[in-house]
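Next up: the structures, one after another.
First chain A sits with chain B, and in the next complex the same chain sits with chain C.
Right after this comes the complex of A and B.
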């Protein structure tokens, strides 16, 4: 009973979140990330004459590198609290979650700390990705859409 | 034109997830998992390939493209090897991303101390 009352009071005094502004900030920052990615691919294609698929892989690896580096330097968390989904939904969020959980559990040692906690947040993405990809792949294979 | 499409598409995906995040009790972990499943679903009928053709790099950055490349490699291998190919080709295209993420986070974790 007390908890319900407390929740009601807390709800009233919560700072009003500006959802429209949040959505716009996420749109703009996500868009800039996408723009940088596409620009980087085009530069690689033009300057080094790479195939587009190879350039895309290099671009993804570069973004993962930058996100991991910025996370371990400590200022990616501040950017994430500012831009929210604009940085969490692109592949940078994946690298950020891996590096930050590895850093958080570093003091528990190399095996039970870094080794077993690195995929604490990113593991769900990989597991549900693989399970759903396997399921849809089997459906597609049984229906006979391949070949 | 690809640059503009990249901006719009990547921004649109991020905006949708931000709206869902603000108006429901889902955490970013839920949303990224859901997006991966959506990406895998879209690619199993070839829709995501079409999006990548129109949008370019902007469609390969959101986490939906992770699901897309998982199933894309699996189906490519399944063409020659049957349903065992689905298991063997699953990581064909995502190997670079996952390996890079593991190696970079491990190396940086060794060299840097956690802040706060």
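Right after this comes the complex of A and C.
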């Protein structure tokens, strides 16, 4: 049963949420991650004379490795709590979601634990990533033609 | 529904706390505290079972009632199939009842135990509850290492186990009466704002208790709710005053707020929660106050949110329940 009076009183005592600050922190920390990634690509291109696309792949793999390592060392969750979506939206967040799920279920064994729970959070990202890639690919195909 | 008791006493209490509770203001009242969350065990679930075992060992030591002399053990926790209680209490007592009232399990256990004792069916009963921050996070929310950002209205599941030994032998504190609550649905559905979800049940049970006993807030030296947190607590005060003209005054507090130093411990957000949150406060600090006769009449309301993550995803509301027990110095 809905109680309008209750909702009114509860709204008065609503917890304050500083959305602007949260957004700024996420924007800034996410930007720093992007900057680091771009800097890393530049170094790979300039120093090791790699093609830009290869350098980008190496950068992504390195970031995935670092995020997973920091998660398993136990301090990435503290960074996420602090910097919020700035660390969750980039590829670091994807790696972190898989590693943290795997860690959580390691005691249930490799099959019923890690294997079946590792994609608990990442599964949605993968499935809807593929579906949207297909959808936008179709849009591009229809509008732009085969060429 | 309110019951009155003549013959039910608190013999002893035992409280075991985790590291976050240890950092709070009530540290010196706990019987045993831990510095990490694993307690030497290999998983969060086993760690919680260890807490329950510790609480039972402690209550047996303090009360002098050994495991074959405990007539009944009543246990409750948040894990699926209440496994912390069933594994932890294995081998202790002559009978066992597992209860689930979410965070209201502590008082639910006390009421069931008190009814058995008042009816002269048993002479003692160990009522225990436990919760573990990490095992709850894993079961209800995100992986423990994920560190998902939470809004400031979110509450923090307390880690610990607490046990209260009820007997029919006279002691300093007695269970005077109890009010069983009903399931309340105010169409609330935010699992990150449990204070708002559970406050209606606290209000309902409180009003019913006052109606059925003919008392008012002044009758009690202290009225405590379980785990509404700092925002839920204000809702209760405001709603009672505006709708029922009941002024709770200064002798009302919430265990979720009392258990931690919310100014310093920022990760706690709005306050503590979990079945053990209220039990840790009442069985340690408040029981201590009563034994020192600083508070003679205490009304203890444990609030619980009745939901599962599955039904929240299926767009069902989160219901709540609250049970109350009145404790008095003899």
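The working rule: the second predicted complex is superposed on the first by the 125 of 147 C-alpha atoms of A that agree within 3 Å, B and C clash if a C-alpha of one lies under 4 Å from a C-alpha of the other, contacts with A are read in each partner's own complex, and residues count from 1 in each chain.
In this text, a contact is a pair of C-beta atoms (placed from the backbone, for glycine too) under 8 Å apart; a residue touches a chain by one contact, two chains touch by 3 or more.
Everything quoted here is computed from the prediction, not taken from an experiment.
*Asks:* Give one of first, second, both or neither to describe whether A:109 is in contact with chain B, with chain C, with both, or with none.
*Replies:* Touch partners of A:109: none, neither chain B nor chain C.
*Asks:* Between chain B and chain C, whom does A:65 touch in the aligned arrangement: first, second, both, or neither?
*Replies:* In the superposition, A:65 touches chain B alone.
*Asks:* So, A:30: does it touch chain B (first), chain C (second), both, or neither?
*Replies:* In the superposition, A:30 contacts chain B only.
*Asks:* Considering only the touch criterion stated at the top, classify A:128 as touching first (chain B), second (chain C), both, or neither.
*Replies:* After superposition on chain A, A:128 lies in contact with chain B alone.
*Asks:* Based on the superposed arrangement, let me know which partner A:76 touches: chain B (first), chain C (second), both, or neither?
*Replies:* A:76: touches chain C, not chain B.
*Asks:* When the two structures are laid over each other on chain A, which of chain B and chain C touches more residues of chain A?
*Replies:* Greater contact footprint in residues on chain A: B.
*Asks:* Check the residue A:39 against both partner chains and state whether it touches chain B (first), chain C (second), both, or neither.
*Replies:* First partner only, chain B.
*Asks:* I'd like to know which partner A:3 touches here: chain B for first, chain C for second, both or neither.
*Replies:* Touch partner of A:3: chain C, not chain B.
*Asks:* Taking the two structures together, which residues of chain A meet both chain B and chain C?
*Replies:* 17, 22, 71-72, 74, 77, 84-85, 99, 103-104, 121
*Asks:* Quick check: in the complex, which residue numbers of chain A touch chain B?
*Replies:* Chain A reaches chain B through residues 17, 19, 22-35, 37-42, 56-57, 59-61, 63-65, 68-69, 71-74, 77, 84-86, 88-91, 93-95, 98-99, 102-104, 106, 114, 118, 121-122, 124-126, 128-130, 132-134, 136-141, 146-147.
*Asks:* Would you mind writing out the residues of chain B in touch with chain A in their complex?
*Replies:* 2-3, 6-15, 17-19, 21-23, 28-29, 31-33, 35-37, 39-41, 43-45, 56-58, 60-63, 65-67, 70-71, 74-75, 78-79, 82-83, 86-87, 90, 96-98, 100-102, 104-106, 108-109, 111-115
*Asks:* Flag every residue of chain A that touches chain C in the complex, lowest number first.
*Replies:* Against chain C, the touching part of chain A is residues 1-3, 5-7, 9-10, 12-17, 22, 71-72, 74, 76-81, 84-85, 96-97, 99-101, 103-104, 107, 120-121.
*Asks:* Across the complex, what residues on chain C touch chain A?
*Replies:* Where chain C meets chain A, its residues are 42-43, 138, 142-149, 151-153, 185-187, 193, 196, 199-200, 231-232, 234-235, 238-239, 242-243, 267, 270.
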